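Reviewing the structure listed below.
Going by the order they are written in, the chains are A, B, C and D; count residues from 1 in each one.
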Amino acid sequence: MFEYRVRVRYADIDRMNVAYHSRYFEWFEAARTELLRRTGLDYKTVEQQGIMMPVIEAHCRYMRPVHYDEMLQIRTFIKSAGRTRLRIEYGVYGEEDTRKRADGYTVHCFLTSGGQVVRAPDPLYDILRTDQK
Amino acid sequence: MFEYRVRVRYADIDRMNVAYHSRYFEWFEAARTELLRRTGLDYKTVEQQGIMMPVIEAHCRYMRPVHYDEMLQIRTFIKSAGRTRLRIEYGVYGEEDTRKRADGYTVHCFLTSGGQVVRAPDPLYDILRTDQK
Amino acid sequence: MFEYRVRVRYADIDRMNVAYHSRYFEWFEAARTELLRRTGLDYKTVEQQGIMMPVIEAHCRYMRPVHYDEMLQIRTFIKSAGRTRLRIEYGVYGEEDTRKRADGYTVHCFLTSGGQVVRAPDPLYDILRTDQK
Amino acid sequence: MFEYRVRVRYADIDRMNVAYHSRYFEWFEAARTELLRRTGLDYKTVEQQGIMMPVIEAHCRYMRPVHYDEMLQIRTFIKSAGRTRLRIEYGVYGEEDTRKRADGYTVHCFLTSGGQVVRAPDPLYDILRTDQK
């Protein structure tokens, strides 16, 4: 599991004075990128080698609000890594108020740069598989 | 059912040359606001009367990519309206390429402006209930 | 001059209960795209023909706040169209409270898809020039 | 001068494969918040004490593109701190490719939480003034 830290910006906050719900998916993306980097997968390099991993499903449950200027921890891990699907899960916690604020997941497929669905190539698959929880 | 039309902006597009996945939730929000307006619920007025309807769950499945400058239709309807939960569903279609691109839902609860969970008051409940599909 | 209409979304609003300042630049972009479309320039097509018009300077003055759910008019026109620079100006007005809320401009250059700075090709230049105020 | 570090996210990138121009203003905001924190001004606390410092002018010049996954440094300093206006300036640099990518400024006024323009109160003014370059 990887913990990504992110500070809540003014731009993230909405009229209810809490973080706007779609912003969580940007934090998930940033957390996912760092998780992959720690496993040895630089996502930029993966794309340069011709494999894209678009989000094909995204989900979030919002339990307690997140406020301006809070430092958050996004706990992130690979739930399952198959040849055609990758599922990553996320938990959102505050650093001071450590209660769980939200959890969610994203599901990814593998595409060529031309947009064709493919099976994950061996090196990519092996790394993702090893890191699976 | 209500059809909300939205043009895909440059700002919505990501590095894969398709709309970034979190943007769909902003479209859902805009579509939901217009849906409520057509049923007689001006969401701004609802909030001024002391009831907020925050998103407590959000989900989207992405089937086919959405491209820059496309005109989209977000087909939106109230799936279920209870005293404590409201579920709204969305389908995303292109106006030219009319295939379904994505679908999703949001679940909302009812809060006082002070942040207390409440049951939907009668007038609000009745309108939402009537419009339920 | 072209008037682009846009409804202020929940996602646009920040903690001060007014539209977040960077969002104006997204509205400017949407307004600019429609302005160009009316002059006969479909920006997507321009890009497909190998010319990009990136923003090289952006400016906005915020005079009066913009609120949730307001319908805005973005009055947009080409201030000057040269071979190497295009300057577009914007004024933001409410439809109900019609006072000016903000004004701004963006400056654009012309790039090949490979990222080389170029002079605007004749057809593009002629159209932009004609529409200059 | 304060250096704020930020990683460029996928969500920041647009169709030209470079960071979208309005995103710079979100980075400026995050950098400004940290700059103020280092001078002893927690902006959240400033707001809780009844003073808001909204952006009344924003400007950015884009010199060289910023790419996905780059680590940026936003060099930030208070250019001038008066009783009625605060001007903060920003320079954007890459950590690997250290050339300047952009620079900009924001101008702020001082408002009560009720929205009235006020002169900066002494403690706030003194801190900002001391930190002025």
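The rule we apply is simple: contacts are C-beta pairs under 8 Å (C-beta built on N, C-alpha and C of every residue); 3 or more make two chains touch, one makes a residue touch a chain.
Predicted model, so just to flag it, every value in this text is computed and none were measured.
Trainee: Any chance you could check whether A-D or B-D wins on number of contacting C-beta pairs?
Mentor: By the number of C-beta pairs in contact, the winner is A-D.
Trainee: Could you figure out which pair among C-D, B-C or A-C mirrors the A-B interface, over half of its contact pairs being identical by residue number?
Mentor: The chain pair with the recurring interface is C-D.
Trainee: How many angstrom lie between the centres of chain A and chain D, each centre taken as the mean Cα position?
Mentor: 27
Trainee: Which integer distance in Å separates the CA centroid of chain C from that of chain D?
Mentor: 23
Trainee: Report, in whole Å, the distance between the mean C-alpha point of chain B and the mean C-alpha point of chain D.
Mentor: It comes to 33 Å between the two C-alpha centres.
Trainee: Among the residues of chain D, which ones contact at least 2 other chains?
Mentor: Residues 10-11, 15, 22, 26, 29, 68 of chain D touch two or more partner chains.
Trainee: Tell me, which parts of chain C touch chain A in their complex?
Mentor: My answer: residues 10-11, 13-15, 17, 20, 22, 68.
Trainee: For the complex, give me every residue of chain A touching chain D.
Mentor: Checking each residue of chain A against chain D gives 7, 9-11, 26, 29-30, 33, 42-44, 68-69.
Trainee: Please output the residues of chain D touching chain C within their complex, sorted ascending.
Mentor: On the chain D side, the touching residues are 15-16, 18, 21-23, 25-26, 29, 47, 52, 54-63, 65, 115.
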